[in-house]
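Chain lettering (A, B, C and D) follows the sequence in which the chains are written, and residue indices restart at 1 in each chain.
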Amino acid sequence: MPNPMDTIRILVTGGTFDKEYNELTGELYFQSTHTNDMLRLGRCLLEVEIETLMMIDSLQMTAADRALILERCRAVPETRIVVTHGTDTMAETAAVLGAANTRKTIILTGAMIPYTFGSSDGMFNLGTALAFVQTLGEGVYVAMNGQCFPWDSVRKNKSMGIFESVDLDTRRLS
Amino acid sequence: MPNPMDTIRILVTGGTFDKEYNELTGELYFQSTHTNDMLRLGRCLLEVEIETLMMIDSLQMTAADRALILERCRAVPETRIVVTHGTDTMAETAAVLGAANTRKTIILTGAMIPYTFGSSDGMFNLGTALAFVQTLGEGVYVAMNGQCFPWDSVRKNKSMGIFESVDLDTRRLS
Amino acid sequence: MPNPMDTIRILVTGGTFDKEYNELTGELYFQSTHTNDMLRLGRCLLEVEIETLMMIDSLQMTAADRALILERCRAVPETRIVVTHGTDTMAETAAVLGAANTRKTIILTGAMIPYTFGSSDGMFNLGTALAFVQTLGEGVYVAMNGQCFPWDSVRKNKSMGIFESVDLDTRRLS
Amino acid sequence: MPNPMDTIRILVTGGTFDKEYNELTGELYFQSTHTNDMLRLGRCLLEVEIETLMMIDSLQMTAADRALILERCRAVPETRIVVTHGTDTMAETAAVLGAANTRKTIILTGAMIPYTFGSSDGMFNLGTALAFVQTLGEGVYVAMNGQCFPWDSVRKNKSMGIFESVDLDTRRLS
């Protein structure tokens, strides 16, 4: 296991994870990240550095946004990075980061239900992501549904709202 | 990484994790485990087998109880096991399991706040435990506060309500 | 006070009160009313009859919808009625019901935050509405923000997300 | 209806309403009242004056404590008072206040589940209490379970955890 005192970088990009409900308009929107609150609630004592890169729905994420995420993954001093991300295009961003071969351990995670709505899967997913990032070797992974998928064999099943392995699925079909 | 389709055994022993509030008496008590609810809330899709061994406060745990936990760790077919446990004597049980050298990966976890009280660290800890159990090799570990401690170098700091590494602490003092 | 055993009719029309989060689309929608859950959570022992008339955003409410609400207020045997309603046009519906002079006690209430989002004002408002409906005489009222406004002197201040008395406001300005 | 701008005095005495969970000891205890948080969450815009008289379990309440509550009910300038109180002896305190004939409207309320445990009946009860206190005439009442009981005909049914009318019960038995 890595030295638990090594700092983990958390790069925030938005996604359902951090959505809020605007009670004046009845719409969902982004304010600031809840990652700090969640870590406090989880009594997390890991040394983390939280950095908000953007606060957007991942369907709005552009190639330039992904380039920025990659750039920050490369530039930060930490070799262990968690990226919070909307689920809709999480696999695409993972592919960009994976193909770039940064020689770091990068875990993307997110949520299906906003943290502020009380019954969030975000706390659980953040827990898995922070554990995977400490124990896995170099590579880019998606941590969702308790599982950890390598970047080159994962996709979101949008009709079911879950992540699945592309390979596994192929095997099942054959 | 292990095959994500390998079943993980979750052995439930009670602890704050699963405490309930009795509104007639105003006291905390145990009913049945919330592990299933928590996994559903976390949208966890790992294959797990949940087995309740006991539902007790870990201060009440006896040598016989620990012998039973060890026996079940050995007897179950799974090689990856999560034990939910009260925090007060989690390190003692970890020591019993660790010394027995079961050749399995066993993660003990728990919570400072009951799941039913809404603001629980249980969801976060359960997430970390399920991730550590998939990625770590043989051994017995305590997963609390986002960290993972080997059984032979962990203790609960009861005045602060956190877990800490014995070695680390020694180094700090020297 | 009225006989507490007299049944209270609750007419459900939708509104933020009953909105849900669709985790597949990330949108808010209506399923079925949470009124029963809320009464159970509130340990409410009043005899109530819950009837869902529609499940809509009150901005979508038509004159025909309001005519139906009025018709049901008249037709039900109960003389004490609570109408759950979106806040945006609650005052308009109150005006339709008030002008009709049904000789019943009718309280409209709602919420700014969906009940399913955890931090709802719905529980509080439902409590006030059920108390006001037991104690006020014939008339139509809006119960929001802990207050009870007669139908002919209330409006929603949409920029602040609160209800206010029209008369009171006039007095303040003069 | 009374002028909604009249201030309501809220006298806090403790009770389950305000209990907290001490994560170091695993015990329930009192810190400071949550009444303000609850009113904010309920978007309550009534003018209230919150005063903490004591923070105790109502089973610990002495005659001297009740004398203090009565004294404050008399001394405060407001004629509309809500007393938050443990449920176990709420009826006893109501009887003391009721017999004293203060010529004010006094509503006692409380909760079966602590507010901090998420699924509290406290928000609902506080809503009913604040509505009853605005609409009822002079007298002392217990507001629980959505109902409002005069002080001289209410008791807690401890085996069921609910409040019931003494008279009503007599009628049922006859």
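Here is the rule we go by: a residue touches a chain if its C-beta (ideal position, glycine included) is under 8 Å from a C-beta of that chain, and two chains touch if they have at least 3 such contacts.
What you see is a predicted model; the values in this text were computed from it and never measured.
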item: Chains touching both chain B and chain D; value: none
item: Interface residue overlap between copies chain C and chain D, same or different (over half shared); value: same
item: Whole-Å gap between the CA centroids of chain A and chain C; value: 40
item: Interchain centroid distance [CA atoms averaged], chain A/chain B, Å; value: 25
item: Cα-centroid distance, chain A relative to chain D, in whole angstrom; value: 46
item: Sites on chain C at which at least two other chains make contact; value: 112, 118-119, 161
item: Touching pairs among all chains present in the structure; value: A-B, A-C, B-D, C-D
item: Touching residues on chain A, where the partner in the complex is chain B; value: 1, 4-5, 38-39, 41-46, 112, 118-121, 123-132, 134-136, 143-148, 150, 161-162, 165, 168
item: Chain D to chain B touching residues, read off their complex; value: 16, 19, 21, 23-24, 26, 28, 57, 112-114, 116-119, 158-159, 161
